[in-house]
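Scroll down for the structure; my scribbles are underneath it.
Letters A, B, C, D, E and F mark the chains in the order given here, with residues in each chain numbered from 1 onward.
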Amino acid sequence: MNNAWLTVLKRDLLLALRRRSDVATTLFFFLIVSSLFPLGIGPEPAVLSSIAPGVLWVAALLAGMISLTRLFAADFEDGSLEQMLLAPQPLTLLVTAKVFAHWLVCGLPVVLLAPLIGLQYALPGDALLVLVWALLLGTPALSLIGAIGAALTLGVRGSGLLVALLVLPLYIPVLIFGAGAVAASQNGMSAQAHLSLLAACSLLALVLAPMATAAALKVSVE
Amino acid sequence: MSIHWFKYSSPQTFYPLAGKMIPWFAWLATIFLVAGLYISFAIAPTDFQQGEAYRIIFVHVPAAWMSMVIYIVMAAWAALGLALNARLSAMMAQALAPTGAIFTLLALVTGSLWGKPMWGAWWVWDARLTSELILLFLYLGFIALQSSIDDPRRADRAGALLALVGVVNVPIIYFSVKWWNTLHQGSSINMGAAPKMAMTMLTGMLLMALAFWMYTIAVALMRVRCIMLERERSSDWVKALSVGVKS
Amino acid sequence: MLLAAQGLACLRGDRLLFKSVSFELMAGGLLYVLGENGSGKSSLLRLLCGLLMPEVGEVHWCGKSIKQDPETYLSNLLYLGHLNGLKDDLTALENLQMSARLADSLVDEQKMLSALTSIGIARCANLPVRVLSQGQKRRVALARLWLTESKLWILDEPFAALDAASIEVLASRLNQHMSDGGMTIITTHQDVEISAQSTQTVRLSA
Amino acid sequence: MQWASWSAFFHMGGYAFYVWFSFGLTALCVVWEVLALRKRSAQALRLAKLLAQD
Amino acid sequence: MNNAWLTVLKRDLLLALRRRSDVATTLFFFLIVSSLFPLGIGPEPAVLSSIAPGVLWVAALLAGMISLTRLFAADFEDGSLEQMLLAPQPLTLLVTAKVFAHWLVCGLPVVLLAPLIGLQYALPGDALLVLVWALLLGTPALSLIGAIGAALTLGVRGSGLLVALLVLPLYIPVLIFGAGAVAASQNGMSAQAHLSLLAACSLLALVLAPMATAAALKVSVE
Amino acid sequence: MLLAAQGLACLRGDRLLFKSVSFELMAGGLLYVLGENGSGKSSLLRLLCGLLMPEVGEVHWCGKSIKQDPETYLSNLLYLGHLNGLKDDLTALENLQMSARLADSLVDEQKMLSALTSIGIARCANLPVRVLSQGQKRRVALARLWLTESKLWILDEPFAALDAASIEVLASRLNQHMSDGGMTIITTHQDVEISAQSTQTVRLSA
C-alpha cells in the first residue's frame, strides 16, 4: 500500500475520532428514520415485517447519502483539498483512501446496527443474516457512487439536496438487489443471485467511481 | 479580444449556420407530423379491445423512444466535449437536456392517461414505467447540476461527467428494475396486452417519431443559439448581432 | 531548472482577466505578481500551479509542459493560497506531519517543532488549530516552508494577517530559500524587503 | 374514414378526455417550448445590446 | 408589519429566486424519496396504499429537515448572521421572517406536489384532499421546529446529521397526527380531530420556536 | 456620548486572553487595539459589540450597560469583522441596500452608487458579489461606511487585502468620521495614518 494512501486514510480516521459525534449521528439517523415508519404506519407486525427490507434499505441509502454530502466539503473549504490535488500522487488513489475511511466510519456501523433494527421489524433470523450480508456487499457501492455526487457539487450552494438528486437515482440498483435479497430469504428463496449482483455493483463502482470522482474534483476546484 | 475562445468550432460561425438549418428541420417536422396525425386519426382502425383509447399510442410511444434516444445523444455530445475540450459539444448536450426531459414527462403523462382507462389506475409500479420515471430523475439531476454552477466551463464539465456516469447506469437500472419486477410477484398487468400492431399503426408511430426527431433537432439548435448568445454576450460578434435588435 | 510561462491568458466568467503573460524564472529568482484588487493575481498563481486551466498558453517546468509530466512538477512545488489548508481538529504538529507525508518528504517531530519555533508558535504546537487566531493559523501553514525540499514556492499574500515580527522572520526565510537556489513567486500588497539573485515583476492591470 | 361525424370524432368512443388530453398536452409542450426559446433568444439579444451601449 | 421583517423576507425570497434550483431540489428530493419505497417494498397496490400516509409524511419530514439544515448556515459562514444579530431589531422577528420565507419556498411546493405522489400510491380522492390539508397545517410546525435545530448546530461540523438527531424526535407528534389524519380518511373516519391537533402543533411552535431559535443563534455566534 | 469599558476580561477555551481592560472613548476619539497574532484583539472587539459575553466587567454606552438597553446601543454601532457579511448571490448594490434597511437607515440608490464610487468599485455595482476578488469584496463591505449614520465604528483589520489606493481612501474616510464627532475602534497590523481629536491605544499581550 502506498504511503500517501495510508496517510489520507489515517488522517480521515483521526478526524473522525476527534469528532466522534459525526459517526454517532450517522447511526442515529439510520436508527431514527427506520423508527419513524412504525409511527407513521402503525404497529401491525405482519405489515411491518413485509415492508422491513425496503424501509431498512431506504434508511441506509439516506444515511449514507447524507453523511456523504460533506465527504469533500470540509477539505474544500479549508483548502486541504487544493493541497491534495497538488500532491505528487495519483488523485484516484487518494480518493479511494477517503472513501474507504468514510465507509469504515459510516458504512460499517450501519451494517452492524441493522440486524438490531431488523429485530424490531420482526424479521426472522436468516433474513437478518442475509440483511447483514447484503449491506456489507452493497454499502461500498453506495459510498463510491456517493463520492461522485459529493465531488460534483463541491462549493455549489444548496449542495445537500443536489447531491440527493444526483445520487439517489444511481443508488436504485443497489436498493433493488439489496431489498430483493432480504425479501427473497423472507419468502424462503435463495438470496444468492441478489447478493452476487450486489457484489458486482460494488466491484464496478470500485473500478469506475474513483476515476469519475477525481475528474470531478479537478473540475470543482477550478 | 482576439483570442480563440473555441478550439474546434467557433460559435461565431455556427450561430448563423444553425439559424439556416432550423427552418428546414421545422418544415420536415411539420410534414411528418401532418402525415403521422392523418394516419393516426383517419386511417388507423378502431382497436377491438381498447376502443379509441389506443390512439394515445401515437404520441406515447414516439415520446418514450425519444426520451431514451435523446439521453444517449446528450451523453455522447457531453463525452465529446469532455474529451476534446470542445465547447460546442458541451453546449449541444446542455441544449438537448430540457427537450429530453419534456419528452420523458410526456411519455409518463400520456402513459398514465392511457393506463387509467385500460388498467383502472393512473400508475402501477411496473418495470418499464419505473425506469422511465428514473430516467426523468436523471434528466432533472443533469439540469439542476448545470443550472446551479455559474461558471459555464465548470458547468459543462461537471454536467458531462454526470451524463457519462448516468449512461453507464441506465442499462443497469433498466435491468435491475426489470428483474425486481419479475423476480417477485408478477405484475398484475401485462404490458404485451396490446394486439399485434398492424402495419398502419407501425407506420403512424414511425412517422410521429420522425416528426419528434426533426422537432428535437430544430429546438436543440434554437436553444444552442440562445446559450451562445448568453455566454458570449460581451463578445464582439454578439454585440454586432444585437445592434439590429429593437429594444 | 526553469519555470517558463508562455503567453498565458485567463478567462473568468466572461471576463478576460489577462492575456499574453510570459516570463522565465531561473534558480534563485524571485517573481513578484503585482496588481490591484481583482486584477487576477490569485488566478495567475493557481494557473501556474495547474489548479486552473489557462485559456491560452502553457506553463513549462524544465522544458516540459506541466500537463505532460505533472508528477515531477508537483514534487517540486509548494503552493500556499488564500486558504491555509489546515484541518481545524488536528493539532498544529499533526497538520504539519500530514502535509509532509502527502508531499512524500520524511520529517521527524524534532524538525517540525523547530519549524514551529522559528515562526514563533511552538507554544501552540499541541493545540487544535481551531482555537488559534487568524494570524496564528497562517503561521502554522507557513511553517511548512521550514520543512519542505521543494524548489518552487508559490505564495499568495503570505504576509496578510501577520504581525510585524512574523513578517520579518518569514522574509528572512525567503531570502535563505533564494540563496539556496530556490525560486519564489509571490503576491503581496505590503512592502517587504526580500533579496534574491534576480527579481522580476509581473504587473497585472484590472 | 373511421368517423361517422365530427362529433363522433371528438367523442373518441368515450375516451375523449384521455386521448385529447394526451395530444393536447403534447401540442402545448411543443408550442410552449418554441415560444419560450424565442423569448429567451430575444432577451439575450436585448441584454447584449444594453452591454454594447455601455 | 415591521420594515426589517419585510427586508429579511424579501432578501431570502430574492436569494431563493436567484437559486431557483434550490427550490426545485427540495421538491425533487421529496419526489425521489417517496419513489424509492415502492422499489424497496414491491409494486403491490394494496400494500402501497396502506403504507402511503406514513411514507409520504416521512418523506415530507426528511425533505423539510434536510432543506432546513442550511437555513442559517450560509448567513453564518459569510458573516451576515453577525450583522443580523447586531441590527437594532428584535432577533425573534427576523427569525420568523427567515422561517416564513423558507416555508414559502420549500414547504408550500411540497404540499402542492403531494397529491400527485399520492396518486402513484393509489390513494383515493378524499384521502388526497385530507393529505393536502394535513400538510398545509403541519409543515409550518416542521419549519419552525427545524429552525431551532438548525440554529443549535451552526458551525458544528457534520451538522447535517446532528440536526436530524435533534429535530426528528420533535417532529414525531406532527408525523403521528399527520399520518393519522390521512389514515383515518382512508378508513372512512373523520380526520377532523387529527387536523385540529396539527393546527395546534403549528400554533404552539409559532409561539415558542422563534424565541428558542433566537437564543440558540446568540449562543452559536459567540 | 461615551463608550466605557470597565475591567473587561475574556476567557477563550481555558485560556485567559486578557483581563482588566478598561478605557473610555469620547466623541471624536480613536482607539487602536494592538497586539500580536492571537493576543485577543478580535475577541475584544466582539466583546465590545455584545457578540461575546465578557467573563468579568461591563461595557457602558452613555452611562448605561449595553446589556440593559441593547437597542439604543446597536442603532449607534457599526461592526465589521473578519467576515464581510455579504451575500454572494446578491449584487453589490443589493447587498448595501439590505444592510442599510436592516440598520433602519434609509438610503437611495444614488447614495449607494456614490459610496461604491468613493471606494472605487462602482464598476462592480451590478455584479453578483460571488465573482469579485478578495479585496473587491472587502471594499463592498467597507462601502457601508459611506452610508451609515452610526456614531461608533468597530473595525477588525479593515486594511487587510486592500491595495494601496484603497487604503488611502479608507483612511481619509476615517479621518472625516472622527472630525464629524464619531468614534472608531480599530485593529490593524499595517501602519496607516489616521488623525483624530484624541487617539488611544490598548495593547494586548499574548
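Here is the rule we use: a contact is a pair of C-beta atoms (placed from the backbone, for glycine too) under 8 Å apart; a residue touches a chain by one contact, two chains touch by 3 or more.
Per UniProt, the chains are A, E = Heme exporter protein B; B = Heme exporter protein C; C, F = Cytochrome c biogenesis ATP-binding export protein CcmA; D = Cytochrome c-type biogenesis protein CcmD.
As the structure is a computational prediction, the values presented were derived from the model and not from experiment.
Enquirer: Have a look at where chain A (Heme exporter protein B) meets chain E (Heme exporter protein B) and say same if over half of the interface residue numbers show up on both copies, different if under half do.
Expert: Looking at both copies, the contact residues mostly coincide.
Enquirer: Can you name the chain that lies farthest from chain C, using the mean of each chain's Cα atoms as its centre?
Expert: In terms of C-alpha centroids, the chain at the greatest distance from chain C is D.
Enquirer: Could you tell me between which two chains the number of C-beta pairs in contact is largest?
Expert: A-E
Enquirer: Rotation angle, chain C onto chain F: superpose the C-alpha atoms of these two copies and give the value as a multiple of 5 degrees.
Expert: 180
Enquirer: Please compute the C-alpha centroid of chain C, do the same for chain F, then give the distance between them in whole Å.
Expert: Centre separation, chain C to chain F: 31 Å.
Enquirer: Between chain A (Heme exporter protein B) and chain E (Heme exporter protein B), what's the gap in Å when you average each chain's C-alpha atoms?
Expert: Averaging C-alpha atoms per chain gives centres 25 Å apart.
Enquirer: Can you compute the centre-to-centre distance for chain D and chain F, using the mean CA position of each chain? Integer Å is fine.
Expert: 57
Enquirer: So how far apart, in whole Å, are chain B (Heme exporter protein C) and chain D when each is placed at the average of its C-alpha atoms?
Expert: 16
Enquirer: What are the residues of chain B (Heme exporter protein C) that contact at least two other chains?
Expert: 137, 140, 144, 148, 150-151, 153, 177, 180, 184, 233-234
Enquirer: Two or more other chains in contact with one residue: find those residues in chain C.
Expert: Answer for chain C, listing residues that touch two or more other chains: 12-13, 82, 88-89.
Enquirer: For chain D, jot down the residues that touch at least 2 other chains.
Expert: none
Enquirer: Using the touch definition up top, name the residues of chain E (Heme exporter protein B) that touch chain B (Heme exporter protein C) in the complex.
Expert: Touch list, chain E (Heme exporter protein B) to chain B (Heme exporter protein C): 19-22, 24-25, 28, 31-32, 35, 38-39, 42-45, 48, 119-120, 122.
Enquirer: Using the touch definition up top, name the residues of chain D that touch chain B (Heme exporter protein C) in the complex.
Expert: Residues in contact with chain B (Heme exporter protein C): 1-3, 9, 12-15, 18-19, 21-23, 25-26, 29-30, 33-34, 37-38, 40-42, 44-52.
Enquirer: Using the touch definition up top, name the residues of chain F that touch chain E (Heme exporter protein B) in the complex.
Expert: 49-53, 70-72, 74-75, 77, 79, 81-90, 94, 98-99, 101-104, 128
Enquirer: State the interface residues of chain F toward chain C in the complex, per the touch definition above.
Expert: Interface residues on the chain F side: 12-13, 35-40, 42, 82, 124, 131-136, 138-139, 157, 160-166, 189-190.
Enquirer: Quick one: in the complex, what on chain B (Heme exporter protein C) touches chain A (Heme exporter protein B)?
Expert: Contacts found on chain B (Heme exporter protein C): 134, 137-138, 140-141, 144-145, 148-149, 151, 153-154, 157-158, 161-162, 164-166, 168-169, 172-173, 176-177, 179-180, 183-184.
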